[in-house]
């Protein structure tokens, strides 16, 4: 029963779209109602299943899924000519990512209530994006994984180009093409992975039992890692994200930064590092050098920007850099920190973009120099933004702190010179983060208010609910990190075990 | 003398008779709707019958020792028939109405007949067991295409296109013939089996010259680099439905030709010609993609797009027979669907407007279903999942990678990004750009609506649910 | 002890409850309700803290450490976990009492002070948030918990400084305060990471029990250098101290504290004098055995403390903003506490009297400084200005306040029998006993300066002729809610010194030290006399300058026709301006510009080049499509030749 | 007369055809050139059939078929050219430049 429900997670959004197809676009309220209901339903479903996974921990697992501790394991033959199967399964890590997605999708649906343009299509696209993200996190078969992974490009472009603002075509293309560039690298290495492994299965469970030839790993790992890293905006492939976010509508920014950017990091962990641990050990210490830009310079760039979305985009870039720092640590704490950061940053950036979107709807500008003192008129949104800011600068009590402390402690334990230096720099750059966040919040919310904002109205109930739920999620993880960390540990254990067992090859030897 | 007609030959016979019936019908009965309907019904019947043929695997069945119907042949027949059917459906509107009230094209019965002849040419190619049949099939598939291109006698562009096409086509035929002659000289026979065993026994320069000329000749039909130059001009000059047919039927025939050749007589030397195939594939898809980057006219754009697609298809030819055949057939199916879908949308747009990117502006606001169909077609051609095109390309690359050609696969996959760029240009025009001035209203006939809907559904579903497509996957044991 | 657990939960939960209830529900609806709720809850917390203190000190368990409760927070490894708990020892009990007591009084005070403010409810909520965070900080059982609440007090300080967010000066002050402390905290965090990596624990117990010799042989690669783990521990110690350095606003990270006076005065009194700013001192005191491992760390602490002490006192002598004077005075007193801790080490041995003195001073200082701030707030509330220029002659109008002010000022000046005398005396003694004679001299000097500037403030505010219209017009009166806490605080300001002396001498020892301790200490009974004498002299000077019948108050308040030295001091040695120049021009202007250059020109440039390149190739392909049939035919021939030579066919 | 001579001859014929195609500006001339090329291939068939092939009839039959097919192709080509001539009143290949990028 639970397994069936689990498979429904990605199906429900699609079914919702199908249900809405025959409804004429003029009945926008009905359509929105259906979508909101479906979003809420999936959220409840994922919440229930997360609880089930939690409750089931410790109980015996199906033999086929045992190496990865997967629950709700489903394996159905799919494309015979490719040996591709439909394989999905849940563990702590992806369950939480699914939960994150469900929350963000739900929030995204609610915040786009008043979106201009063809609402029917917009909501359908959101649901398809949701399907894609759900699918990525659920699938344990590489073909299935990739199908879902690449699917997002389709919805992304349409939503940005059709419903965005500013240089929407430019932003949308930049985003879509860069992501496509990343996924093309992944696709190429996937083939190599399949044929070099000599396996007749794309299943992660099966492939994880095989040690790939080192010579293959050495070139495939960087390609695949970079491919995934593109969507998590690792330097130098981060350039798509500021322009993309800036031109995207609110919900898309939320989804893109909140969950889509996590798909890359998730892929790095679940696929690249898991299947090619030997190469990971060789390459990751060098990858860390790139993080200097992400983590250290990213906040500085944010400091120089005036557009709220650009600021948030660079903030995302720096936070996502931390994920990679955690991954590069190759310690259980670091990996856990990275996973926590994925989840935490999802909520965080969702909240950021949600409040920014709501403020933008009112002020019609995102330039912080044009705003000021609007806290007086929109206290709720102001507080929401401030909370996002504080969570973003790693204030204890919010999830970001938990994740960051894990990452720092985990990464510091990695005994490589470069990693240490970057870790130290990363720790020290929490100040810079504070500087740009406070500067932004102060300019926007505090100080003198231009007269034109006298008529602003605060958030309505729908918007309030979204903000409150996101804040609650941040708080929940921040205050009670123990149980989520335990669940994450379970799913990271097999990955770390493989990494720990791998002997890094001697280069040139 | 009596012999029974085996089941597997019936569709071929029906298709052979069909053009005569259609044209004959037109001569006898003045009701102008009947021939077209007859043609459609006939093609549908052929398609259905083909679907009833069991896939037998292995060598297939022989009919008088010289006509082989194997699994690849059956499935290729399906592709060709589907293409012809869709082509007729697409063309119908051009024969009915024009922008100025007069039909754009005339003589639908002859048109349908010619299309059927071309399709039968494709049948011959996939059934051939010797060079002569092979050659005849290819010519039978090509010559009707010349005629179709020049269908509008009064259209200056059309006749220019046809002239270019036929002149270059003749030269390509000469190349091919030259290749055939050396192959004949190499093996001393025109039978595929003999050639194959001769090639397995040992090679000689004769064989390589033959391969070179054959590839160059077929490169013309398949629009490989640098033999593609005719394609953009001809695609643009030819009437719209003919362009679609050119892009699908002609290409499918050409690729079938290559498959038959490479996995038939040339199978023993496949490994030696792999570098040539890889080079052709890589350069072609790159050049096709580059050419399409900044197009403003839709049909020329589709020409470059189909050049690039040809390059992608070539990637699959590097793989082992079964994998490659599966990949190619599957890809052709999906390519047919997506391509025709695009042409149907262009047909609706181009009815009152110029067939250019600018005409697409504001489409999403005017008719969101049509815009969706266009987006589906474009994303499918670009190879974005979950649309069918992605799975097609996945199969192609899978086939190419299975023999370790990772570098080519990486290159091809990276080119996909380039391809995505220009497909996005189309989508951008339809979805993001504001229309300039008043939009002329769009008119869709019921037929167009139904076909567009079916094609959209098929493009969305065929990839995700591959079992729907006549179980071609069960047919080839992998 | 068991029964105390539930009480101790109350200490933390009541402020938290206040924060949640006032922040979310009550604050917006009823300011009065919020205030009442806050007072009641904080009262309960205070009573609980007192009960806990009584039970702890009377149980006979003191001065041992005990962990009263501990909740799991995050586990890094089996034995390497971060918990949230309550560590009970004399130091933390003292802090709990001080914090809850002052929070309670300040809440009462705020009823008067914040009356009519449009965000009164929010104020009470944030104040309770601060109390909660501060309590969590002092209760910390490990570094991780300390850091968590360390950040939380930082953020509540930020929110309260910037409480009047429409005032640009308040906003920028709050930002400055947060960023500067955050800057220090980043080093703190790094220190925690390094130390916890070496020790594999956050617990104070384990860290305080370390010996360096165990780590001499292992090395650690920090990237920029390779060092032994022992050295890393010392480095970690310095980094952790840096956190306290910033939080306690030691030079040169002191500038935020005076600027933080932009916040409401109750905030200044609780956060920026009595409790939060001593967190740095508390941190050092808490980890004293760990810091004491290294002489250089201790010296650093001492030098930083001593310098700040003098530096701030000098500036305080020239300021005219009443709250700023108090702020510099706070800095100076914090310097006392800090150097007292640092002065404990002489050579290879450690004197623990400094530790006792420092914690003792935390205790007494909290009362009198809080009281002073509340008085200042009361004056400001009545006179509507911070400026001493506009005060004067308030003695008659506010008699009770006047008396309380006198008590507190005598206390801070170190005049017996007021509280400050005892603690300050101990500190000066420590410097002497530790043979740190320069610091000893400075401490005595500063003691004189302190008396001088405090009485300067006192005389200028209360004595002489009224200099402002509102005082003249007689609108000035004493508000009940504001005067009550002042009056209550006068009692500990007066009496906490001798009342608690025994308690401190008996129970306040820094715990087991892993370095040799000097048992025999030089007695110096003459020191108190000297100190008091200096204070009296300074008092007289202040009287002569500002209150004697001959004093020219106008001339004394003139800050324009002054010598350059005075001006430099008056402008706080231009530190604010230097900060501005360095941060704005160097950090933001430099690194940020460089980063944006990389982004905008290098990354985007490469991208633009790739796009341009592809487009150029594309136009080449299109140019070949000229429509020329002969050319097309030529491509066929070229193609044959091309693939003949490049097709790699084997012939 | 050897096989090689014949092959060389047909190759030369093929070259002449190509040369003609390149040099000729008249469409009918170009058609004739292609015809020469096709016949070069025919010659190959016949020479192989005569000199070396095991299956000699196939070559001869092939060339006959080729002649037939070529005739067919030429018919279509001429028809197209005629129809174009009607539109343009010119058979100069240089003027066929309406379709280009």
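The first chain written gets the first letter, and so on, giving A, B, C and D; residue counts start at 1 in each chain.
Definition applied: contacts are C-beta pairs under 8 Å (C-beta built on N, C-alpha and C of every residue); 3 or more make two chains touch, one makes a residue touch a chain.
In this text the structure is predicted, and so the values were computed from the model without any measurement.
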| item | value |
| --- | --- |
| Chain centroid nearest the full-protein CA centroid | A |
| Separation of chain A from chain C, taking each centre as the mean of its C-alpha atoms, in whole Å | 37 |
| CA centroid of chain B to CA centroid of chain D, Å | 26 |
| Distance between the centres, which are taken as Cα means, of chain D and chain A, whole angstrom | 63 |
| Rounded Å distance, chain A centre to chain B centre (Cα mean) | 41 |
| In chain D, residues with contacts to at least two other chains | 18, 21, 96, 98-101 |
| For chain B, residues contacting two or more additional chains | 163-164, 167, 171, 232-233, 291 |
| Residue list for chain C, restricted to those that touch at least two other chains | 622, 625, 627, 629, 633 |
| Those chain pairs that satisfy the touch definition | A-B, A-C, B-C, B-D, C-D |
| Residues on chain B engaged by chain A in the complex (per definition of touch) | 323, 326-327, 330, 364-365, 368, 372, 375, 379, 384-387, 390-391, 394-395, 397-398, 401-402, 404, 406, 409-410, 413-414, 416-417, 420-421, 424, 427-428, 431-433, 466, 473-474, 476, 478 |
| Parts of chain B lying in touch with chain C, wherever the complex brings them together | 163-164, 167-168, 171-172, 175, 203, 205, 208-209, 211-213, 215-216, 219-220, 225-227, 229-230, 232-233, 272-273, 275-276, 279-280, 287, 290-291, 293-294, 418 |
| Residues on chain C engaged by chain B in the complex (per definition of touch) | 614-615, 617-622, 624-625, 627, 629, 631-633, 635-636, 638-640, 642-644, 646-651 |
| Chain C to chain A touching residues, read off their complex | 72-77, 82, 144, 147-149, 151-152, 155, 158, 162, 165-166, 168, 171-172, 175, 178-179, 182-183, 185-187, 189-190, 193-194, 196-197, 221-224, 588, 591-596, 598-599, 603-604, 606-607 |
| Chain B residues within the chain D interface of the complex | 130-132, 135-136, 139, 143, 146-147, 150, 153-154, 156-157, 159-164, 166-167, 169-171, 173-174, 177-178, 180-182, 184-185, 188-191, 194, 232-234, 236-237, 291, 300 |
